[in-house]
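The structures considered in this document are given below.
Heads up, the next two complexes both have chain A, just with different partners, chain B and then chain C.
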Partner chain A sequence: MTRAPSIMAKTVSTPLILIAILAAIAIAVDAFGSGPLARTVIEMLIRVVLVVGIWIFVGNSGIISFGHVGFMCLGAYAAAWLTIPPMLKQISLRGLPEFLLENQFPFWPSALAASLLPAVFALILGPVLMRLAGIAASIATFAMLAVINTVYSNWSTVTGGTSSVIGIPTVTDVWIALGMASGAIVIAWLYAISRSGLALRAARDEAIAAQASGVNIERERLIAFVLSAFVCGAAGVLYAHFLGIITPDAFFLTATFVALSMLVVGGINSLSGAVIGVVFISVIIQLLRWMERGVQVGETTVAIPSGAQEIAIGLVMIVILIFRPAGLLGNREIVWTSRREPRVARTQPAE
Partner chain B sequence: MTLLAVEGLSVRYGQLTALRDASLMLDEGETLFVTGPNGAGKSTLMKAIAGVVRPAAGCIRLGGRDITGEAPETIARLGFSMVPEGRQVFGELTVDENLRLGAGMRGDRAGAARDLESVFESFPMLKERRDGAAGLLSGGQQQMLVIARALMTRPRLVAIDEPSLGLAPLVIDQVYELLLRLRAERRLTLLVVEQSSTRATMTGGRMMLLRSGRVVLEGDARELNASGAVERAYFGYSDAEEPA
Partner chain C sequence: MTAVLQILFDALSLGSLYALGALGIALIFGVMRLVNFAHGDYISFSIFALLWPTTAATTILFLGQVPPAVLIPFVILIGAGVSVLSEILVFRRLRDANPATLMIASFALGFVIKNLLLMLYSSRPKSLSILPGLAQQVEIGGARIPLLQVVTVAATIVILIALTAFLKRTRFGLEMRAAAQDFTMARMLGVRANRVILLAFAISGMLAGAIGLAIVVQTGTADINMGLSVMLVAFIATVIGGLGSLYGAVVAGFLIGGASVLMQVILPLDARPFRDAFVYALVIVVLLWRPQGLFAPRTAKQRV
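After this line comes the complex of A and B, so read on.
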């Protein structure tokens, strides 16, 4: 009697296509690319995990969060605590509890535990934050980021303070990053089609009507917040195991700016937008890096001043916001379909 | 049996008192129209019952249970289904999703699927457009959709705020035809807010007139209208200063 819910039938191809795009990039670079390019691709995949994680909350609830990079920070440091060899930890992180100081855990169990820490943190903090709406909620998430950054910059015996934490095993390769990015996309998609995701998007469109339909907005927001903290935590884990070195400032304003601009450029309301935004901005960043290093034009080398990257990203964002205010993808998802039918309306029809 | 009982309800927005000491009773299966000019407190009354705004004083009972100050979603689950003013469809979701959202919160999937079929029977137009974005429906269709969505919660009472707002007269007729048919088929209890008392007279039922936050008149819609009392109350003439 019940048929498959419409949205599921319509978008089951979306996560598959997005994963296929990322896999194609990874395979191409692995086959033909150089070492530095491979690192760029890993960075891009880590950002996919982060931005998709942010999207789970922001895309469905409509509340811009400036704090999610803080969850990445929690995940990265937790991964460091769990996987740095005990000898090193006993020197640099003496304040850690005994069982952390004396043990070293393998990557996957540690990755899971380290991602759960920000989720638990979000679960504790969420009930307060989720009561706020609109810009007040956004400011509160920013305050959360500032608090995390301040604590991690000063709690020297546990986090090493502002100096780097070193000795994290560098196990993140292209395939692990691709796997985690795929996992993040699948989690985000499953949430989006879930009852909670549906209720949250309804509340984003029309809050009162959603409540009148029996939606507990705070509860649905909290579910999305915790889940997105978990995924952002996983991004932190990947990042820590990619560089092997972390500092609190790697998870602060610059990272937040880049992640949010990726989300905005791609289109904040669709999962495809989140992923495509990351790919698009990553390509631009890579081009700018090459240009900062210098491009041979005839006899002379032309280089743009370093630091031009962020200015350029800012310009790209302005241009996109002027010409495509809803982002590259608008509000649409990429779907495998022959007929073109916009699932999503941008404009209300005339009466 | 009394389904909804409101006693001495007052609502303030800051300094402004939007509703003063309003009381009403609604029996099961009954239809009550709440009318009155702009700013009379009609929507405020509705929102206060639905739990969207907090009353400053008074008591609201639904089926004998005190729901004063409960959260809107709790009140919705207890069977008070509000169709808010201005047709709040979830524009970026499909028609199907809009409807499933109404039922989804109930947590019984088989029952929800049955209700969906029965709603599609009452609204064949929605079935045709089920996979389209709700925001692309016409104004009248959107109004049908929000009514259908309200029905999906299996309400004991459907409260509709200005169903005719911004619709062409012909479309308003369609909406009311549908409401009357639903009332007959499903023996719905209806609470309808409308600015014009004409609809109340045409549809029949009890009517209540609010002005400046007070209940000024209450009774059978047709009788009140015939006696001219509505006109007097609506425009605020006392009997003495009635114009010639």
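After this line comes the complex of A and C, so read on.
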């Protein structure tokens, strides 16, 4: 059918531009920004990994998933199990298996292993969940999130229950976060132009026609699901190594909705939308934080009341959705050529 | 026997809350395919409207000690008000948006309402006792049942009967059922879309107010997140019941309430903290068995 080199060459500008945007922000902040701002940028890059991970499944399959933050949770806790110094683990996480209790692993091998755990979990649960479609599938992913959250909140000897797990080495810096975000974007792009990605998008837009053309929807969905679980797991690893402290409730509803909001505001059907949504919302949050602290206007300092930041961010999101229901990018990709060709055609919502 | 009665009432009263919540969500989903994540915040809002805005720990009742005959309609009307207002200000402008956009918009709206309450009242839970008469217990068949549970179940039954009568016997009800079944067709046959949707929002908001009352009487505290857990279960009940089926939503609400209470009783002690995990796993199983829901309307099946 399609020759792989040609589609790669045609679309390669999208991930390159997106990575360039993130790199430009990271370099600018590293050169001129303050410590707190650098932390904000790391947070943003972690969110990029998460939202791009969610996009791999949601964007290509058209199924809204509430469960992917659960994969982030699995990844973060796995990273904690692998990298917390044994002395601490033997006190707080006594239920862990022997080889975890005795050893401490370096960052990169542990990060890979910790990201693989949610992927394996997705591979086991996926064949069951992927049989569902539409809103039933969304609810099932939510149920999965609730199960993960309940188990991790109560399995005290292994996860520390609702109290925080501390002592995770804080190694995430701007460059590691940037590298992982770039990696996530490349993985997502490669998947999107792969045979499976194309088939899955065809199934998203016209399920019955795709099936008639020989697309095995469940199988393609499963591939996307496992891959996105892996990337979301990596986001969890980054997060754990960024804060050094994790609780199950950090990976529940608020995080889910924030991530989905960024995706929808950016444009749910395009990879560019996922990345731009995160950048855009993060920038607005930062601007509002500054305004909350006070802005010098002539002689006086003008500040919005404390707590107004959250209200404003909600209102901004509503306004964007009212004026651009398909998101900022409107389902298009950012490409280098002057004629902006939509790689993903605008489609009617499936009834 | 008494233990069984106790469990039965526990299940029924919890199920009542879920059923009313599911009904509120299903009504709106039926007419405009919106999964309204702001519903839980309507619940909190209608209760917090009773309180004077203060971030202090003390609770000042805005309405003082008004008699229940005023208090109950007030809360219910506030619920309807905030619900109708959100339709006029937000959702009316999103008529052509796809379900994902609508859902995120409703989440953003809920986020705004919640943070507005946070700003005005702080995150500290407020203790307040309204309708204290309901705290006492009554004896039914030898079991001591909190009066509140009896009243909750009775009120739910009354609400369900009234709503059924409304939907089956009045013109508005007919229009709403028609709209829920096939919105486009209903419009072509002369159902005025905006009016039906507004009505759905009003009823849904009233139900939210009623749930808020039941929760606050039971727990004695008003918490910003009080509506959240009910809303999530209600949302799941709507799907399990079969989207678009009001009857299914109610039955599924009671089923989930029953399953939760039953699991609390029959699970071994070690597994009890994981009760919710079992309930949600059960949800996945039910969905696999009936992806369209237990009582899916015949029209729900996609035709080629």
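One rule holds for everything that comes next: the second predicted complex is superposed on the first by the 312 of 351 C-alpha atoms of A that agree within 3 Å, B and C clash if a C-alpha of one lies under 4 Å from a C-alpha of the other, contacts with A are read in each partner's own complex, and residues count from 1 in each chain.
Please note the rule applied: a contact is a pair of C-beta atoms (placed from the backbone, for glycine too) under 8 Å apart; a residue touches a chain by one contact, two chains touch by 3 or more.
Note that the structure is a prediction, hence the values are computed from the model and not measured.
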| item | value |
| --- | --- |
| First (chain B), second (chain C), both or neither touched by A:105 | neither |
| Which superposed partner A:331 touches (first chain B, second chain C, both, neither) | first |
| Of chain C and chain B, partner touching more chain A residues | C |
| Chain B versus chain C as contact partner of A:216, first or second or both or neither | first |
| Which superposed partner A:201 touches (first chain B, second chain C, both, neither) | first |
| Chain B versus chain C as contact partner of A:175, first or second or both or neither | neither |
| Residues on chain A lying within both footprints (that of chain B and that of chain C) | 208, 349, 351 |
| Interfacial residue positions of chain A with respect to chain C in the complex | 64, 128-129, 131-133, 135-136, 139-140, 142-144, 146-147, 150-151, 154, 208, 253, 257, 260-261, 264-265, 268, 305-308, 310-311, 313-315, 317-318, 321-322, 325-327, 349, 351 |
| Chain C to chain A touching residues, read off their complex | 35, 37, 90, 93-94, 96-101, 103-105, 107-109, 111-112, 115-116, 118-119, 228, 232, 235-236, 239-240, 243, 273-277, 280-281, 283-284, 287-288, 291-293, 302, 304 |
| Residues of chain B that touch chain A when the two form their complex | 47, 50-52, 71-73, 76-77, 81-84, 88-94, 96-98, 100-102, 104-106, 109-110, 113-114, 117, 130-139, 146, 149-150, 152-153, 166-168 |
| Touching residues on chain A, where the partner in the complex is chain B | 1-2, 5-7, 10, 195, 198-199, 201-202, 205-206, 208-217, 269, 331, 341-349, 351 |
